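Data first, discussion second: the structure below is written as structure tokens.
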Amino acid sequence: MSASSRRFLFLVRHSPLAGARFRETLDMIFTVAAFDQWVTVLFLDDGVFQLVAPLGEHSASDLLWGPMLKAMDFYDIHEILVDEQSLRLRGLTASDLVIGAALVAPEHVRTLLGQHDRLVVC
Amino acid sequence: MPVLHLLNHTPRGSESFARCLESMAEGDGLLLIEDAVYAALSGTPSAGELRAVAAARNRCFVLKSDLESRALSVRRLAEGFECVDFAGFVDLVAKYDASISWG
Amino acid sequence: MKLAIQINGHPASSMAATTAYQFIKAALRKDHQVILVFFYYDGVFSRLVPAHTEAETAAAVAPPDWAALVSEHGLDLVICSAAAERRGLAALSPAAASDLMRTATPVGTFRAGGLGQWVDACLRCDRFIVFAS
Amino acid sequence: MSGIEFTAIRTTEQGFLCDYNAWDETVAQELAGRIPLELTEAHWEIVHFIRGYYLRYRHLPNMRMFVKAVQKNLGDDKGNSRYLYRLFPDGPLKQACLVAGLPKPPSCL
């Protein structure tokens, strides 16, 4: 086991269909969680599109990322935040989201950065 | 915990620049590398925005070799920016508690 | 100071690897320790970019010479094998090393690894720094 | 099992089932036999777990996540690499996915 524990903040800023990027970002997040580290995931800018609920079973969106996001809960990642302003600028509201996420104000991002020691923009 | 923010793209065509400025807390530092050095040129709107951030007691740094490799002399930097070399870059990483690369 | 480095950019379309390389050299000159250089996302292509032509090497920004860093400083350069495979790059096992790979970087410069090593380095280092695409 | 049934199972060069839907326990036995690996109750538990995980989350874990996932669902006794390597000596994640009819996890060489 590693000596110390760290607080990881993942800032997800890319839209979901940017190639393998989303899958690889989730793999980073899940692996850190599997090491029993503190993990906060913040969706902002185009990253908020990743949380849009799929159209329904058997739709392309459902198969692509909806189920993988649900694995967040499986790995005990409960600090899931969404930048409210990013949502608003994209015509989205909390009811569009596939998983429960807390809305945060842009000023809060500043505070979050200061509270974590491993900052990963994905 | 003061954070060192890294930008590596020009302020145009990406949300990273605005997002970075908005996310800077008092005491944080900003280092412009690669194409982000264009943001610090004297007379540009971006340099003005950056100076406004610097006024809130942040520090703004520019990687000197990335300026020079773009045929820009240090004299073209807007006021309020400090040049660092790679050794200075390493020192900044050590000085701040964490770094964030906005991309 | 112990450093962990992550490189995300494709070496042909991003400066990530070049900047990281200069940063690492400066850190080593200051007697800092680089415990891991992890290539992720398109950064995994770093192992495929062929030796630079003389004209390019003479340019203002020197391209990374990873093999030299490994031989002089024993750096640990880890390519994420899952990310490499998603980009159609064959497994890094010596048996699978293609001719393409051999002309690009000497075998043994990079080793195949995964996110487990990345997290481990993030936990052990004093500073973690990403070179974005 | 007859030879005709064997050839009906389409696999990749590395022995992974081409279509994860074309799986049942008989197919699993056949895939395991080709490794070769004799399946015990303990193997089935892991195989069914990883298949259920994949069908639910459409995600293939890496080894670290796999160990954690087994630990969460089946307990500390089983969620450790020593136990898993005893069952699947040539790489637990790779072999469990293979027998479970899943694609090859990208992190496996």
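Order of writing sets the labels: A, B, C and D. Residues in every chain begin at 1.
Keep this in mind: a residue touches a chain if its C-beta (ideal position, glycine included) is under 8 Å from a C-beta of that chain, and two chains touch if they have at least 3 such contacts.
None of these values were measured; they are calculated from a predicted model.
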Between the pairs A-C and C-D, the one where more C-beta pairs touch: A-C
Geometric centre distance via CA averages, chain C-chain A, whole Å: 27
Length of the line joining the C-alpha centres of chain C and chain D, rounded to whole Å: 32
Between chain D and chain B, distance of the C-alpha-averaged centres to the nearest whole Å: 49
Distance from the mean Cα position of chain C to that of chain B, given in whole angstrom: 25
Sequence positions of chain A contacting 2 or more other chains: 23, 27, 31, 35, 118, 121
Contacts with 2+ other chains: residues of chain D: 62, 64
In chain B, residues with contacts to at least two other chains: 98-103
Listing of all chain pairs that touch each other, if any do: A-B, A-C, A-D, B-C, C-D
Chain D partner contacts - residues on chain A that touch it in the complex: 23, 26-27, 30-31, 33-35, 63, 67-68, 70-71, 74-75
In the complex, chain B residues that touch chain C: 6, 8, 33-35, 65-66, 68-69, 85-87, 89-91, 93-94, 98-103
Touching residues on chain C, where the partner in the complex is chain D: 81-83, 85-86, 91-93, 112, 114-116, 119
Of chain C, residues touching chain A in the complex: 40-41, 82-83, 86-87, 115-116, 118-120, 122-124, 128, 130, 132
Chain C partner contacts - residues on chain D that touch it in the complex: 62-64, 105-107, 109
